[in-house]
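Here it is, the structure in full.
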Amino acid sequence: MLGLTHYLVVAALLFALGLFAVVTRRNSVTILMGIELMLNAANINLVAFNKYAAPGAMQGQIFALIVITLAACEAAVGLALVLAAYRTLETVYVDEINIMKW
Amino acid sequence: MTHLAWVIPLLPLAAFTAIVFAGPRLPGRGAYVSIAGIVLAGVGGLIVLGEVIGGARADVTYTWAVLGARPITVGFVVDPLSAIMLAMVGVVASLITIYSVGYMAADPHYPRFFAYMSLFQFSMLFLVLADNFLFIYAGWELVGLCSYLLIGFWFERPAAARAALKAFVTTRVGDFSMMIGILIIFLHTGSLRFDEVFRSIQGGALTGPLLTAAAVLVFGGAVGKSAQVPLHTWLPDAMEGPTPVSALIHAATMVAAGVYLVARTYPLFLASPDHTALTVVAYIGGITAVVAATMGVVEDDIKRVLAYSTISQLGYMMLGLGVLGYTAGMFHLITHAFFKALLFLGAGSVIHAVATNNLKQMGGLARAMPWTTWTFIAGTLALTGIPPFAGFFSKDAILAAVFAHHPVLWAFGAAGAFLTSLYMGRLVWYAFAGSYRGGDPAAATASHAHAPHESPAVMVVPLAILAVFAVFLGWVGSETLGNPFGRFINFPGATAEPPAGTGAGLLVLSIAIAVAGWAAAGAIYVWRLVPSESLRRAAPWAYTLLVRRYYVDDLYAWVFLGVGGLVMRAAGLFDRYVIDGLVNLTGWLARQFGLGLRYVQTGREETYLLLVFLGVLVIVVVRLWW
Amino acid sequence: MDLRPLIPELTLGLLALGLVVLDLVAPPEDKRIVGWAAIAGLIVALFPSLLQVSGGSVLAIYDTYAVDPFAGFFKVVAIVSGILVIGAGLEFFRDHPTAHEGDIYVLIVFMVLGLAAMAAAADLIVLFLAIEWVSLISYVLAGSLKADRKSSEAGIKYFFYGAAASAVMLYGFSYLYGAAGTTNLYALAGRLRTAPPGFLVVAAVLILAGLGFKISAVPFHQWTPDVYEGAPTPIVAFLSVASKAAGFAALLRVLYVALPPGAWIGIVAAVATVSMSLGNLLALSQGNIKRMLAYSSIAHAGYMLIGVVAISAAPGVLGSGISALLFYLAGYVFTNVGAFSVAIAVARATGSDAIADYAGLGQRSPLAAAAMGAFMLALTGIPPTALFWGKVFLFSAAIESGFLWLAIVGILNSVVSLYYYVGVIRAMWQMPPAQPATADGRTEGEITPPVIETPLLRAVLAVTTAGAVVPGFFPDALVRLAQTASLLLKL
Amino acid sequence: MVSGLLSLVVWIPIAGLVVLLALPRGQVRAIRVVALVTTLADFLASVWAAAAFDFSQAGTLQLTEQTRWIPSLGVTYHLAADGLSLPLVLLTTILTVLCVIYSWRVDLRPKEYMILFLLLETGMLGVFLALDFFLFYVFWEVSLIPMYFIIGIWGGPRRIYAAIKFFLYTLVGSLAMLLSILIVYFHSSPRTFDMVALFQQKPLAGDLHLAVLAFWGFFLAFAIKVPMFPFHTWLPDAHVEAPTAGSVLLAAILLKLGTYGFVRILLPLLPAAFHALAGMVAVLAAIAAVYGALVAMAQTDLKKLVAYSSVNHMGYVMLGVAAAAAAQGQPALRNAATIALNGATMQMLAHGVITGALFFLVGVIYDYRAHTRGVNDFGGLWERLPVYTGMTMLAMLASLGLPGLMGFVAEFSIFLGAYQIYPAFTVAALAGVVITVAFFLWTIYRIFWGPLNARWAALPDLDGRETWTLAPLAALMIAVGLYPAPLVGTINAAMIEIMSLVR
Amino acid sequence: MSGEAVVFYLLAAVTLGSGAVIVTSGNIVHAAAALVPALLGVTGLYILLNAEFVAGIQVLIYAGAITVLILFAIMLTEGGTGLGGRQRNEQTAVGAAVAAAMAALLIAVAVRTNWAPPAAGATLPSYTPGAIGQSFLGRNILVFEGTSIVLLVSLMGAIMIARRED
C-alpha cells in the first residue's frame, strides 16, 4: 500500500542528493541546483503531509507554493550574486573564492 | 621621683630628636645636647636608685591598646633590678658620651654619632624600665637597631657595613625565638605584663615542658643579644664600629641586656621543672665563657680581644644566673659594665694614638700615655679577678655559686678565668710593654708624625672615673662589708651558697687560677720561656682552629650565604618560571588553541557547508546516542 | 479584519514603498536624501512599535501573527538599529560612492519590516517567509559593493550558506507540520506533546541550523567572519544586531511556544558553550577589527543563548532568561553598532580595518577613541555598562535555572574576551601612532590623518555611547522594559 | 549629623574629573592645580566625615546613606562607614593627594593621567564604603580600569604585558565574585543584595557545599587582589611597570581591596565555608610570608623587591584573617581571633603607609635621578643623599617590623592572635619576618652603605616636593607606631562587631 | 502493485535518477538539463498527492523560470560549453558519507515517527485553484502579501547586484 512513508523516503533521498551536490560541487551554479533539490525534497514532504497527516486544510500546499516562490527569488538573487562575483573575482568556483579566511 | 622614672628615657630621646632636626646648629654640634640628655638621665637614675634603696617601688601602667575584649596593659617598673640598671646605664653612658667628644672630634658625621648615641640611650633605658614583654621586646629591637646603625657608623667601609648587617640579622634570629616564647606565654597567661605572667605561671597556667620551652625560647633572645654560643659570631665583627660604641653597646649595656632579660624573667626560668631551663642557661653560659676566651688568646686586634673577653664574661653572667646565682650574675653585670667600658675606652685611647688596632704594631705605650696605661691596667686587673679589684668579687661569687650546683661547670669557669688572665696579660704586654713597634716610617710623616701621645683630657677623665669604679666597686658585693649588693638585688629561692667550708678554699683557688693565667702570659710573652711561636708549632691544628674561630663563621657563611643564597635564587627562579610560567602558559595555550582552531575557518565555502550538515548530524547523534 | 495590531508593520511598509518612489525620483548624484528620509520615517515608525511593548497580546490575521510586547520589543530593536545603521551608512558611503546607495537604504527599511515579521510570526509559513525575506535582503546588502572583491566574496558565501541552512530548516519545518498537522506555532505546541523524543530532537536540530545561522551560533557560524570582514561595514553592523536579534526572537518563539524544552535545552546549552568558547578563542588572534567583531559576535550569540536555556518560572528580572536576553540585546545593539560606527570613521581616515592602524587614535581623535574604548569594555562586560547588567542577568538566570556551569563557562569566556577587546584599547592609547621613517631617517609628522568627526558621526556615537553606558548606571527603565517584553504571548 | 557626607567623599573626585575634562589639554598647570585641589578637597571631606564619625561606636556602621538605585532588582545605593572602612578611606584620600603632588612633573598626557587618578580614587573609596553588593562590585571594577590605563600608558618598557596581565588576572577574580554574589542572592530570603541584611541572614548557612562554592568565587577575587601566594605573579610585573604614583596606589590601596573583602564580606557572610577552608588559607598565607620574603631577597630590581615584600606582608594579613575564620563556632578562640583580625586590619593600613612610602622612594631615585632600579647598581648613596637615605631606611625598618613604627603594632597583634589558633603557621610567618629583616637590611647595605659608587656622585637629595610627599607618611609610621591606641581602638570596635557576625 | 504505486516508483526513479545526474555529472550543462526531469518528477509526485495546483506552479516556476535562469547563468559564466574544468572538490568522500548519514537519519525519522493521524472523518478537500486563491486572500493573506513584497525586494536586489556599476 502506497503511503506517507514512501514519499518521505523519496524526499529524504532527494534531500541527501541535494546535500551531496551542495557539499561536493565546485561550481556555484551547481550548488544552487543542489539547494533547489533540497527545497523540492522539503516540498514533497509538505505536500505529502498535507494529504496524509493534515487533510483538513491546505496549509502544506500553501507552504509549498510559498517555498517555490521563494526558491525563485533565491535563485534570482543567488545567480545575480554569482554573476557579480564572476565579474570581480573571475571565477564561479566557490573553492577559489577565499580571500578571507581564518 | 620614682613614679616619674619613665621620664628618664625621654631625656635622651629629646636629645636625639633635637639633634636629628637641628644637628650641627646645636651647641657642640649636638654633642653637648646629647651629653646633657644622658647626664640628666644618669643623675635621675642615681636618684631613683637612692630612693629604691630607701624602699621606694613603682609600677606605672596604662593600656597600650584594647585588642578584642582584652586590654593589653603595659608600663614601667621601678624595682631594685631596674633601678640598679638605670643607674649603671646612666653613669656609664654619660662617661662614654663625654669621652666620645674627644674620640670623635675629627669625624665628619659628628652630630649623627651623638644622635645615635642618644637614641641608643633612650632605647636601653626604656628596655630596662619595661614591665612587660611587649616593651622589653620593643626596647630590645630598638637597641638592636642602634647597634646596627652604630656598628655601621662608618658605613662607607665595606667591613663595617657587613658587620652591621651581620649583627642585626644574627640577633634577629635570637629575637625570632624570643618572640615565639612570648607568644607561648601570652597564649597561656593572657598577659604580657611580667607580674601577671608570673602570677599565672604560679597559678599553673603554664607548666611542664611547655614552660621550659617558653623559657628556653625567651632565653634564645638573650643568646642572640648577649652573643652567647652559638650566636656569638656577630660581636667580634661589631668592633668595626667606633670604639665608644663598642664600649657602651657591645660591652657595658646592650649585650648585657640578655642577662638582664633572664634576670627580669627569672621566675619563668625558676618555674621550669627540675630547673631544666636554668641548666640550659648555665651550660650555654659556661661553654661560651671558655670558648670565647680561647679565641681571645690568638687574636691580634685589640678590640676583638676585648670583644671575646666580653662574650666570655657574659657567659659568666649567664652561668651565674643559670646556677641560681642571681645576685652574683647581676653583680658581675654591673662591675663588668664599668671595667669593660674602661678597657674599651682605654683601647680607644690607644687606637686614637697609634691609629691601628693591631697589637703587634703597638708596644711601649706605657711611657707615652701613662694615664691610659694605668687605668687600663686597673681595668685588666678587675677583669682577671685579682683582688681587690671589682671583678674579683663578682667573678668569685659566680664561681662559688657554680661550685655549689654544678662542679663540672665550675671547671669551665675556672678554665675561663685562667684564659682570661692569659689573653689579658698578652694584650697588656703587647700594647704597653716593650718598645713601640708601629709607626711605619713612611706613614709616620703623614698624620702621626709624632710618636704616640696621651689623649686629651675629655677622654682621660672618664677613664679615670671608670677606673675608680673598677677598683672599688667590688666592695659593695663583698661579704666582708655584709654584701650590700646582695641584700639589694636578690631573688627569693635563688640562693647559691657553696658547700660549707669550701668557701675560703675556693676563694684561694680562684685567685690562684687568675694569677696562674698571668704567669702563663708572662712566661709566653714577656720572659718568652715558652715562646708563642713554639706553642703554635706544637699544635698547629689548635692554633688554626682558634684563628678560624672554630669554623663557626665559615659554617654560617656556608649555610646562610651559600645554601641560603641557593634557596633564595631557587625561589626566585621558581616564581619566575614555574608559578608565573603557569600563568603565562594558560594565556599562551588559549592563544595557541585559538590559532590552531582558526584553520577550521578555511575561507572555503565547501567546508562551511559541509560543517553545517555535519554539525546537524553530530548534534543529533551526540544528543540521542551518547 | 482588524488591522490595528498591524499598524507598525503597515507604517513600515508604507514607508518602504514611499522610499522606493523617492529613490526613483531622487537625482542620481544625491541619493543621500533617501537615507535621511528613511531615518525620519523610521523615527516615526518607532512610536507605534513602542506602544506595543507595553500593550496587550493578541494573535492577529487568523492566528498567523502574534502581536505581543515581545514582538514589539524586537520591532523597536530593529527600527532603532535601522536608524543607527542608516546613519552610519550615510557616513560610510561618502567614501564608497555607488549608484545604489538609495536602493540600499530602501532595502534596509524593507529588512526592518522583515525583521518585525520574524519576531511576530506565529505560523511556520509566515516565519519561513520572514526569514527568507530578511535573508535575501541580507545577501544582497552584503554583496552590494560590487567593485569590492571582498564584498562580492561575502555576498556569495553568505548566500550559499544561508540558502543551505534555510533549506535544512525548511525540512525541519516540514517535519513539524507532519507531526502536528498544523503550521500554527501555538497549535503545534499541544500536538507535539505526544511526539517521540527522537523526532523532536531531530526537528529541533534541523530548525536550529536555520536559526543558528541567523544568530551565528556554532556550528552554524562560519559565514560570520568572512561576511563581516567583506560586507560593507554598516551592513555588517545591521546584521550583527538586528538580524541576530530577530533570529533570537524567532528562536525563542519557536522553542518556547512550539517545542517541549526537553528536546532542545541540552543542545542549546552545548551550543551556547561552544559558541562562547570558539568565538572568543578565535577572536584572540584577529588583526582586522571587523573580523574580530565577527568572532566576538559569535561569542555574544553564545552568551545570549544562556538566556534561551535559562527557562525558569522565577518572578522578577533576576532569573528570567528571556528578560535577561532582551536586556542584553538592547545593550548589544547600541554597543555593537557604536563599535562599527567607529570602525567606519577610522576606516575613512586610514583606509584600513586593521586594529594595528588604530594606533594613536586616543591622541588623534579622543572622542572616537573614548567611545570605542567604552564599547570594548562594554562588550567585555565591565561595569558600569548595559552589557555588564546584561551579563549579570544572563548569569543569574542560568544560576536560577540550575545551569551554574553555564554561568561559569560564560565567566571564563568573558575573561578570554577581555584580551582581544583590550587589544583595541591598547592600540588606541598605548601604541604610538605609526610614524614611518623617511629615506633619510627623519620621521615625518603623523601620516595618519585624524578621524573626521562629522556632526552625523558625533550624533551616532552620542546615541550609541549613551545607549551602551547609561543603562549601566540606571538600568531600571530598561529592566522594566525587558521584563514587560519578556511576556511572550502564551495561549 | 550631616547626611550625604560619604557621598561627598566618594563623588568629589568625579566632580574634579568633569572639570578636568572641560579643560584644554595644553593648560598643564591648571590641570595639575585642579587635580590637587580636588584631591585635597576630598581629603578634607574625608576628615569631615571622620569628625562626624562617632568613635565611641566605631563598631557600628555610621553615616549611613541608603536610597533606591535599581528598584526592580532591589539594588540600593548604600554607603556607610565603620572602624574598618574609615581608616582605609582616610588612607586613600591622603595617599591620592600625595600621588598628585608627586606626579606634578608627569609631562606625558597629564590631563588623562589626572583624570584616571581621580576616577581611581572614586573607585577605591566606593569599594570601602559600599554596602550593597552591586554597588560594591561596580566600584570594584571601576577601580580596575584606570589602573589598567595608568600602567599601560605611563608604565615602563613592558607596560603592555604588565597591564593586560593585571587586568586579566583581576577580572578572573571579579567575575568569579560576581557569580558568588548571584549565588548568595538566590539563596537569600527575602532576596536582597544588601550586605548588612545578608550578613544577618547568612543565606548559605544550611548548605555547606554551595557555601564553599560561593566562597571560592569570593576567594578568587580577593585572593588575586591581595595577592595570595599562587596568584601573585601579576603583582611584580604590574609594580615594576607602573609609574610611581600608580605603584603607590596599587600597593597601598588596591591590594587592600582584597583583604578588605575578606574581612568585610567573606568573614561575616560565609563563616562556615571560610571556617572549613581556613586551614588552606592559613597555609597559603604562611607560604606567602616565607616564600614572598625569599623571592624578594632574590630580586635585584628594587621595585620588584618591594613588590614581593608586599606578597610577604599580605601573607601576614591573611594569616590573621584565616585565624579569625578558624575561630568560627569556637567562642574560646573568639578573643584570639579578634586580636589577629585587629592585627590584619592594622597591617593593611601599615602596609599601605609603609609600602606607599617605599614606592615613592623608589620612584624618587628612579624617575628623576638614577634611572635605574638595580639594587646592585648603587652603593654608598648615604654619603650623597642623607635625607633620602634616612627616609628609605625608616620605611624599610618600618616594613620589617621594627618596634616603635607602624608595622610592628600590626605584626605583633597578628602573631599574638594567630598563635593561639595556628601556632605552626605563625612560627613559619615569624621565620618570614627574619628573612624580611635580612633582605631589607641587605638592600640597605647594597644601596646606601659601602663606598659611594662614582656614577652617582652628582645626585641631588630630596627636593621640597618630594620631602612633602614623604613627610606625612613618615610621620604616620612613627606616630601610630608610638601611640597606636586610638587607631587600634577604632579598629578593634569594628573587629569585635565583625567577629560577632562570624558565627 | 496498484497502478498508483507503479506511477509512484516510476516518478521516484525519474526524480532521483535525474537528481543523481545533477549531482554527479561532470558537465554543468548536462546537470542543468537533468534538473528538468527531476523537477518534473517531483511535479508528478505532487499530482499523485492531489496537489494539482502546486504541480502547475512547480512546472511554471521551477521547470520554466528557474531552469532557464540557471542556464542563463551558466552561459554567462562558462561561455555555454559547460566544461569549466573539475567540477568536484576534494571532500567528495566525506560529502558522500555525510549525505548518506543524513539520508539514513531522515529516513529513520520518517519511518519511525507516528505522524499526525488524520482527524477522524476528515476528507480531502478539493484543492482547486479557486480554493487556494480563497485561502490566500483569507487565512493566508499575510503570507500572500509578504510574498509579494519579497518578490519586489528580490527583484530590486537582483537588479542592483546584477547591474554593472556605471
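The letters A, B, C, D and E name the chains in turn, as written, and every chain counts its residues from 1.
The rule is simple: contacts are C-beta pairs under 8 Å (C-beta built on N, C-alpha and C of every residue); 3 or more make two chains touch, one makes a residue touch a chain.
Everything quoted here is computed from the prediction, not taken from an experiment.
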Neighbouring chains common to chain A and chain D, by label: B, C
Most central chain, judged by mean C-alpha position against the global CA mean: D
Chain pair with the most C-beta contacts: A-E
Taking each chain's C-alpha mean as its centre, the one farthest from chain C: B
Chain whose Cα centroid lies at the greatest distance from that of chain A: B
Rounded Å distance, chain B centre to chain D centre (Cα mean): 37
Whole-Å separation of chain centres (CA-atom averages), chain A against chain E: 6
Computed distance of Cα centres, chain B from chain A, in Å: 97
Between chain D and chain C, distance of the C-alpha-averaged centres to the nearest whole Å: 42
Residues within chain B bordering two or more other chains: 587, 598, 601, 603, 605-607, 609-610, 613-614, 616, 620
Junction residues of chain D - those touching two or more other chains: 168
Multi-partner residues of chain A (each touching 2 or more other chains): 4, 8, 15, 18-19, 22-24, 26, 31-32, 43, 48-49, 53-54, 56-57, 62, 66, 70, 73-74, 77, 80-82, 84, 87, 94-95, 97-101
Pairwise chain contacts under the document criterion: A-B, A-C, A-E, B-C, B-D, B-E, C-D, C-E
For the chain E and chain B complex, residues of the former touching the latter: 89, 91, 94-95, 98-99, 101-102, 105
Contact footprint of chain A on chain B as seen in their complex: 598-599, 601-606, 609-610, 613
Chain E to chain A touching residues, read off their complex: 2, 4-5, 8, 12, 15-16, 19-20, 22-23, 28, 31-32, 35, 38-39, 42, 45-46, 49-51, 53-54, 57-58, 61-62, 65-66, 69-70, 72-74, 76-78, 84-89, 91-92, 94-96, 98-100, 102-103, 106-107, 110-111, 115-119, 122-125, 127, 131-132, 135-136, 140, 143, 147, 150-151, 154-155, 157-159, 161-162, 164
In the complex, chain A residues that touch chain B: 19, 22-24, 26, 31, 94-95, 97-102
List of chain A residues in touch with chain C within their complex: 4, 8, 15, 18, 22, 28, 31-32, 35, 38-39, 41-43, 45-46, 48-49, 53-54, 56-57, 59-60, 62-63, 66-67, 70, 73-74, 77-78, 80-82, 84-85, 87-89, 94, 97-101
